[in-house]
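Pasting the structures in now, so scroll down.
Two complexes come next, and they have one chain in common, subunit A, joined by subunit B in the first and subunit C in the second.
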Partner chain A sequence: MAHGFKEHATWSPYENNGGTCVAIAGSDYCIVAADTRLSLGYSILTRGHSKLFKLSDTAVMASSGFQADVRTLQKNLEARQKGYYHQHGKPMSCPAMAQLLSNTLYYKRFFPYYSFNVLGGLDTEGKGCVYTYDAVGSYERTGYSTQGSGAELIMPILDNQLKSASPLLYPPRETATPLTEQEALEIVKDTFASATERQIYTGDGLEIVVINKDGIHKEYLDLKKD
Partner chain B sequence: MAMALDFSGLEPASLRQHSYSDPAAHWEPQCSFPLPKVADLDGFQKAAVDLLKPAHGTTTLAFEFQGGIIVAADSRASMGQYISSQSVKKILEINPYLLGTMAGGAADCQFWQRNLGTRCRLHELANKRRISVAGASKLLANTLYSYRGMGLSMGTMIAGWDETGPALFYVDSEGGRTKGTLFSVGSGSTYAYGILDSGYKFEMSVEEAVELGRRAIYHATFRDGASGGVASVYHIGPQGWKKISGDDVSELHYQYYPPESQASAPDVVEEQPMQQG
Partner chain C sequence: MEHTIEAFKREESLGARHSGAAAASDGKIHIERTQYPYVTGSSVLGIKYKDGILLAADMAASYGSTKRYKSFQRLKPVGKHAVIGASGEMSDFQQISTMLDELTLRDQMWDDSNTLGPHEIHSYLNRIMYQRRNKFDPLWNNIILGGVKNGKKYLGVVSMIGVHFEDDHVATGFGQHLARPELRKQWRADMTLEEGVRLLEKCLLVLYYRDRSSINKYQIAKVTEEGVTISSPFAIETNWELEAFQNPTKNAEGSW
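Moving on to the complex of A and B:
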């Protein structure tokens, strides 16, 4: 080391492209949604970037954070999914994909994917399931979740509307939220509209995907562009 | 930079090379992790933790007594100041007679304890008998020692009942492994120790021991901001572990300090009329 001063690295491999993702699980459906704004600092790079990725007919992933890492993660998982399908003759179930995503994230424990993910879909019994992750792969199955820049604004609303008894309670209490698909959709649209008002990285457009026994149905609506 | 995808999971087992001198060798699930090519790895890891704020878990405890072992934990996970979950499973069921606890990095604990469960099962298949608690904790401790200094954050207890009776080990990411009869780990551990140490008697009944564990977690969640949610309590006996209770700590508060006797509850503010004039 030279002359008693430290040189600071100015280059970072990571960037934060912002954005917010939400997923809500119902008794026989799952909704996964994300905004479509791609930012860098105070600039908007594009208003039309999708953060959703279909892994199979029963699993859709939404990721916010550094979109280059997100894209690599999506490609990695898609390759593993295809390999599984060709080897086993059937697509991966959503819980299996959830474990795979966790292991994939932990594999890069010492050079993490800067990606905050929610995975939504139907479990092997056809019930809605949502899995929420941190950047290095710790995960949990929940009834609803949100990740990204607007998460701290949206999560309290979801807690207020959707929170039910904890699955850890023993003797167990009923944890299913009896919300219909339409009611859940309205909550998703309202929370994004609210987050757009008070969060600079959230806005432009909202992509919603609904997964149920009839398949995957996509919707798009505009959000404020300021 | 080429991206090397790991397809080893897709290769059929029969095509892998067999090592006839040590057939068990190729059954060991090897983990190797890519490292960033930077001069200052420690600085990078520190910066990554600050940036990504991986989820952390907080108050866990376990103790041995005449009736076996009690293991208890809260269920809050925090990412920086944000409470990312109130329903995290911090008592991990490695197998029907072994429990592990989660404190420190949530991903580290989940991954390595699942890995431990795999290796315990492989031990059973290779040796036709269950692994001892000492053996299981040693497997984990040796793994963590090999990653010492890399930034893993785990303070875990491995508790179980084997041929020698009940056994409790504390294992951490510094590579330490200690056998003991009473431990509490996490940011709320100091509060839990206060309750545990004042109430512990080896001759306690199972009900008393369960209540001691529950109260210790409750008090830790009361005073530690990073602990909360549901206080789960497990008991380990000769037949293995059994979940005894899971109680929301805010409900426990009103059980221990009912509204009529709020005056005796710690830190309760008497309702004051608003300041005027």
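Moving on to the complex of A and C:
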């Protein structure tokens, strides 16, 4: 025997619990949305699980992927946010939270949080902002983004329908959408309905959060449960 | 883990159990920490009903394919407001049970007329499971925790890698596949105790017919505002004359 250790399949510290997240920035609002299905393989664990997390009045995070890592990440950021607020006497701005999220993710570069995030909110000038991330913290500010199981299905629709400036332009133009809040909301609802049709991990319910100068407004709609 | 004297001595002398890593004869480090379960319990079911929570589990603990223990209690009260049920490695469940008893005892010793509610206990349990997963040394269990405090009902699950959620009805193991669809169809928020028990018994029966590691000996735990009660063991009437069980291989290809 070469090394004398029995070979057998080992367990994995990760699993993918699915779900899709979307965020869209407008001139003075931001929409963050995610479905509410939690999955494991071909099973549905629960139909009513929220993937949205309010970090402050101007920053809401949506995350999909491995739920235990997502929850831990949320708790981590929430604790840091509270500490910042008590130390500085004001809540963290969305751009500051964006940098913190990136650093937090990279901190675990060699045992990552299996979490695919979009962060949406209002920047320091009150304009809508969206930040999109990979699992190890690489991020950019953009006008709209999706992450998670249904991202490949939804992103092309947003590219086509949001009438934003092309990200390929030089000099770069802002890619926030010129559409109104209502128009953008309709697109969000339509894209989730479409992704639900073709994707097994997306469905059950849709939670939408709209952030603007009047605060945070939450909405919920049913999605197909099959 | 290798079951030879040589491997056992090697692990022992290098303190492998502590560090989780062993230097093998070729000098390389092999992480041996990851386990597989030995003595296992099968499904646990949980539902909310009008007055509180009901949990159900059979009393079997298997050693591979042997039904080694047939009076193993897989449901345990936690403090005054909650009950926990576990599937998976039963020794890990016993350790978790001890940890939760220590938690609730310490809570009680504060003597400040405040007790940990089911949500808080579940949160603590989630962190334990996740932290062990981070160390690549999981507690090999799928756990349901249910409770009632101040009129609010709580029913949550946590897996061995820390995935957790709440719902109106939950199940572990085979229950997730066989019982959950029935629960989704029949569950209502205003079920009486009798209706809840009947629904659980229906699911337990399906599991007995179709899960080979289950036995026909169950306990049901009830949690209400008044407290926790765990029933004495009972059996459910089976019917093996059902048409589905006659000539089971009639239409199966290649069987005789």
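Everything below uses one rule, namely that the second predicted complex is superposed on the first by the 204 of 226 C-alpha atoms of A that agree within 3 Å, B and C clash if a C-alpha of one lies under 4 Å from a C-alpha of the other, contacts with A are read in each partner's own complex, and residues count from 1 in each chain.
The rule is simple: a residue touches a chain if its C-beta (ideal position, glycine included) is under 8 Å from a C-beta of that chain, and two chains touch if they have at least 3 such contacts.
Small disclaimer: the values here were computed from a predicted structure and weren't measured.
Touch criterion met: A:135 reaches subunit B, while subunit C stays clear of it.
In the superposition on chain A, A:26 makes contact with neither subunit B nor subunit C.
The larger set of touched subunit A residues comes from B, when the choice is between subunit B and subunit C.
When the shared chain is aligned, no partner comes close enough to touch A:205: not subunit B, not subunit C. Contacts of A:72 after superposition: both subunit B and subunit C are touched. In the superposition on chain A, A:38 makes contact with subunit C only, while subunit B stays out of contact range. When the shared chain is aligned, subunit B comes close enough to touch A:112, but subunit C does not.
In the superposition on chain A, A:121 contacts neither subunit B nor subunit C. In the superposition on chain A, contact of A:13 is made with both subunit B and subunit C. In the superposition on chain A, no contact is made by A:148 with either subunit B or subunit C. Subunit A residues 12-14, 72, 111 lie at the interface with subunit B in one structure and with subunit C in the other. Subunit A contributes residues 9, 12-14, 72, 76, 79-80, 83-84, 87, 102-103, 105-112, 114, 132, 134-140, 142, 151-152, 166-170 to its touches with subunit B in the complex.
Contact residues on subunit A toward subunit C in their complex (touch as defined above): 2-6, 8, 10-15, 17, 38, 40, 43, 45-46, 48-49, 66-68, 71-72, 111.
The part of subunit C that touches subunit A in the complex is made up of residues 1-2, 4, 6-7, 10, 24-26, 28, 30, 32, 34, 36, 126, 130, 133-134, 136, 138, 157, 159-167, 176-177, 180. Those residues of subunit B that touch subunit A in the complex are listed here as 3, 5-7, 9-10, 33-36, 40-41, 43-45, 47-48, 51-55, 75, 77, 79, 82, 84-89, 105-111, 150-152, 229-230, 232, 243-248.
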